[in-house]
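As written, the chain order gives the labels A, B, C and D, with residue 1 at the start of each chain.
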């Protein structure tokens, strides 16, 4: 392992979209970084994602997360060009908007009330009544009572984005080491000096844990208890000659994302507290039922495949982006739940800021809730 | 192509389960045979099948097909040993029986009336009332009103059976040529002398067309019109730790077949007149709905995959097993629809009998209905 | 099949890169076209290709094919943008050049003599001596005596190009019908009116056969004998963290093409007169031997996979682009051998010109050599 | 997780062939056991193995391992039947023997000296001179100087054996929990009470670590240092119509194992101290070179695929089969290196004996060498 003899500026534990974005942003600032990944790059939740950039989709009130998401979404157009230039990889950014549909009067009232809120916060949003909606999106079912249109939420290819971050980082000098599991940290007094892997020790000034749902386990082994838990999400995809919808359709219990080349991704179930990556018959059958209820002609689409990803959720729903409260040389970036793709640009940028000595937003600090040391 | 220089006793067009069984039975009689397959052996309907040996399952009255099916089913135990000895391949014969369940009063009356008929025809069958059924098969839904039990219908692994036939034939001296498409016959006066392939001419005393749903096209190109049509069948499979059922469960619109190693195969839809091997969302979602209606706990099973096969159906529902009505040196074995796996042993044996000069059952003769010459 | 009731301007038989380019170019001119594909779009030679745009690489003298290739290569930059806009698909155009290396004195003399010829014909080319070459491409083996550099030959993703053509055509109104085999033409007197498929008849004013290596068979069935033959090409790919080479390296018996994301494609063997798509141990082992001779450190690369494609070669090495010599309403575009990806833009454009009544280059006319009617 | 509420007789950490055999043997003795597997059953080294039962193949002198291997090999015929009855799965036991070929005079002398040793130890073995060898196995290269024939070494399907053990255990009442990573033990004073997994705690009277190459890491986290290290082995497979060899051929640097249905598995490289499961170009190309040197006509075989597995080797080459030296309720079964398939029956049986209070062979005791506590 040639990487053994290098002392890195930073080691990033985890080669998913967050870890790869951090590697990219640090490499841009001239740092020599290493991504250590226990399997292969971008093979877990980062490639399972539908790739929605739903900054406004889930808003119900203003919040630090909402502001973080909007900032991150705004980074995509420039980032897309930058990653293409460095890695040659196209992240398939599509800025076609979303409609969040109402199937009941309650849903309609709620969505209608969110429109002025979005506008007040400086974002575009508008209510589209039933008849107009069906003119714009004729494939939507007749029972739909209207929709909140969000013209600025788009989507990317999640696997392409992850690969583009990683290969752009490599183009800027980063190293990658796959099939290497980190099981502990190298610590001297209060300072983390690197990581212990099954294949030996690796040294760096800074160690950043970006292991998604698996971060908690690693940190637990090192004596830290994060307040995160894994949430499985199941998805499936179909193929059509022409997409029946122009934009992502978001409904209660299901979203339908048009991708390039006649694919549609339908997601996602939510099952908490499991690392089991298998897809249940129940999960896929409920998604099918919801999707064909919303867009009846999907029935005629061609089945492609089903899959699942394990996402890290936190107690308060906010990601962790910050330094370890007591140990020097160690930071954490995880807990992005179902916003990992959307938040990856800003997360990578913020972690680079952090290592450059900037203060980050308090709301995402690691010690904001019950983090505690398990072992002394 | 070394096979170019050999004059074969017989060339079999089609490397599915029927063609491979014919090759096996002819090789056993000392004939030098060649299987010509346009793709790879056993990759189409023969490997898509659930492998049910449902000789009695579909009976509603005595018929030549019913008798053929029973004879074929009876061949499996000895065949299973023979193929294992020659090829080493286990066809996974399971003789665990089937239950055909009634969900309505009409279905119950019908099934109850079939029991004495089966018995009169010399087969075992019995009516199991609701309570007793649920003692035997507790996973069945409460709404099921009872079932006709058929203890002697079992199942095999369809892909293993196809491969075992082919590799046993090879062990006995047969040749196989994959990726070779036959597009016409070599004919001298009234006698077929072999086939024309994209890779050249192949010669034999006898040419047997066993191309499944694709036979009609080949024969059409040679000026013959069979009365067959393709019927797509879609299936899916799930994994469980322990099978919730002991036997195959057959219901209206769906069957559930327990396979080795915790797999269950659920089939099959029927869509006529298409060669499109894709799986529709509608097809798989209806199968799921039916299957979980019959066995509610299937919901918790792990999704594996979905697939489709194209089966050849005939106008009267009987396969074609016989000589060409006018051309010498040419025979046809196709039209087995959803009984291809079950009927493969007897079909192979009968074609071997035919080439040895025996007369076959008139009901399966090629000229029994509107076959006609398209070209002179 | 909804397409049954439409009378098309043109039906294109074959959904590979050539057929899809024709569909795209005809759709741009407002024609209503249908692609009929017997399997799935872009699954044969079109997706097996390494995607080199080697317009100058194989030149040994000026020729109509050389001029066609240069014209086609020049179309890629604009085409890349156009396809991205219409389909969202990035064809991964990389214009990084090629080096054609000399391993012997004979090869060196030959290549050195080609440099002025290329320049005379208006193309960039230059001889790079051994030492300078190894400065530019340090991974090349020491035994290499120099190389002809061709700065303007690049590469694309062959599967992406095929899909981008097809989906751009669809965006412009084209229809696609997969899993549909054409086995004959509909002809009235001297005029072709459409095609006969396994799933019924399809009608159009113009029928264009673009079936790659399978075109000959289809045309043979319709009574025409093209002078083409299939040539199998085997390839394999590896993964590396950083590509050891900047440009495509072309040597005697092997080329090595750097692709995005750390992949290298190594090709290609040539085996004539077979439709067998399997990969031989010999083929892959000789490619490996050649590739590691040229770039020794490839040894440490990670094995990915091997595959093969069947390409249509013609007697004089020129593709067929033109009208049927006697039948009205029928054209042919095949015989592109290992230049299918490179020639796809110009081939599509030329066929569109042809249908608009223009005359094409005589060198590619269908009747230029021994085409003949087999059947009257 | 329903298994949460059960107190098991034994928990087995690792669902490979060793863990599954232990589960089977314990279940036969009426124990309620649970296999906990971090990915899916039998997906790592256990399914990567070629399945050779080479008890005599590697012998160079009598040893406890040699005697263990012979005992284990003798268990296969009866085991094969037993597993087939319980699980329906055929392990594809073939008792066709092996030839260990000599390519040099040195190899010849060595092998000739081993024949009387084998015989003295009560095993069949014989020297076959060159000419006779080539009569028996005409596909072997002319340069081979003869071979030691071992008629009683055969092979099985490694994936089928693993699955058959696991599903037979399930048929006898065992539970399986996939996608569940154990990261620590539950310990009260000196007694292990179960395991801590990412999904919660699991309790049992006995905990058996059978995690292959990953055992060391788990035990290290629990404060124990085994003397094992991972060794990657790369293999590839080809397809042929008829196997060119009747028996497994074992040469310096490569073995060639004929499997059912015209497959041959060629293995295996050895690369120590890595968990990287990728296949290197160098590895696969050297195996190819060796294999075609031994059997030249393999060149014409059809490439299938390449893969790698990570096997646990120990310092003295003996597996660990025994109790933890200090902790109660904890045992270890790992370190089988490239004999895992061969040794799985005896290993399962011995661990069952151990839990029933029997003493095992001292040579395989865990504390035989430098095991030590890392953490107190």
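Simple rule for what comes next: contacts are C-beta pairs under 8 Å (C-beta built on N, C-alpha and C of every residue); 3 or more make two chains touch, one makes a residue touch a chain.
Everything quoted here is computed from the prediction, not taken from an experiment.
K.L.:
Between C-D and B-D, name the chain pair that shares the greater number of C-beta pairs in contact.
P.N.:
C-D
K.L.:
Where centres are the averaged C-alpha coordinates, which chain has the largest centre distance to chain A?
P.N.:
B
K.L.:
Find the pair in A-B, A-C or A-D that has over half of its contact pairs, by residue number, in common with B-C.
P.N.:
Repeated interface of B-C: A-D.
K.L.:
Any idea how many Å lie between the Cα centroids of chain B and chain D?
P.N.:
Computed from C-alpha means, the inter-chain centre distance equals 38 Å.
K.L.:
Any idea how many Å lie between the Cα centroids of chain C and chain D?
P.N.:
Distance between chain centres: 47 Å.
K.L.:
Which chain B residues touch at least two other chains?
P.N.:
If we look for residues of chain B contacting two or more partner chains, we find 278.
K.L.:
If we count contacts the way the header does, which residues on chain D are in touch with chain A in the complex?
P.N.:
Residues 178-181, 183-184, 198-199, 217, 220-221, 230, 273-278.
K.L.:
Would you pull the chain D residues touching chain B in the complex into a rising list?
P.N.:
Counting only chain D, the residues touching chain B are 84, 87-90, 92, 94, 163, 167, 170, 175-176, 241-242, 260-262.
K.L.:
Okay, in this complex, where on chain B does chain A touch?
P.N.:
238-239, 278-285, 288-289, 292, 298-303, 305-306
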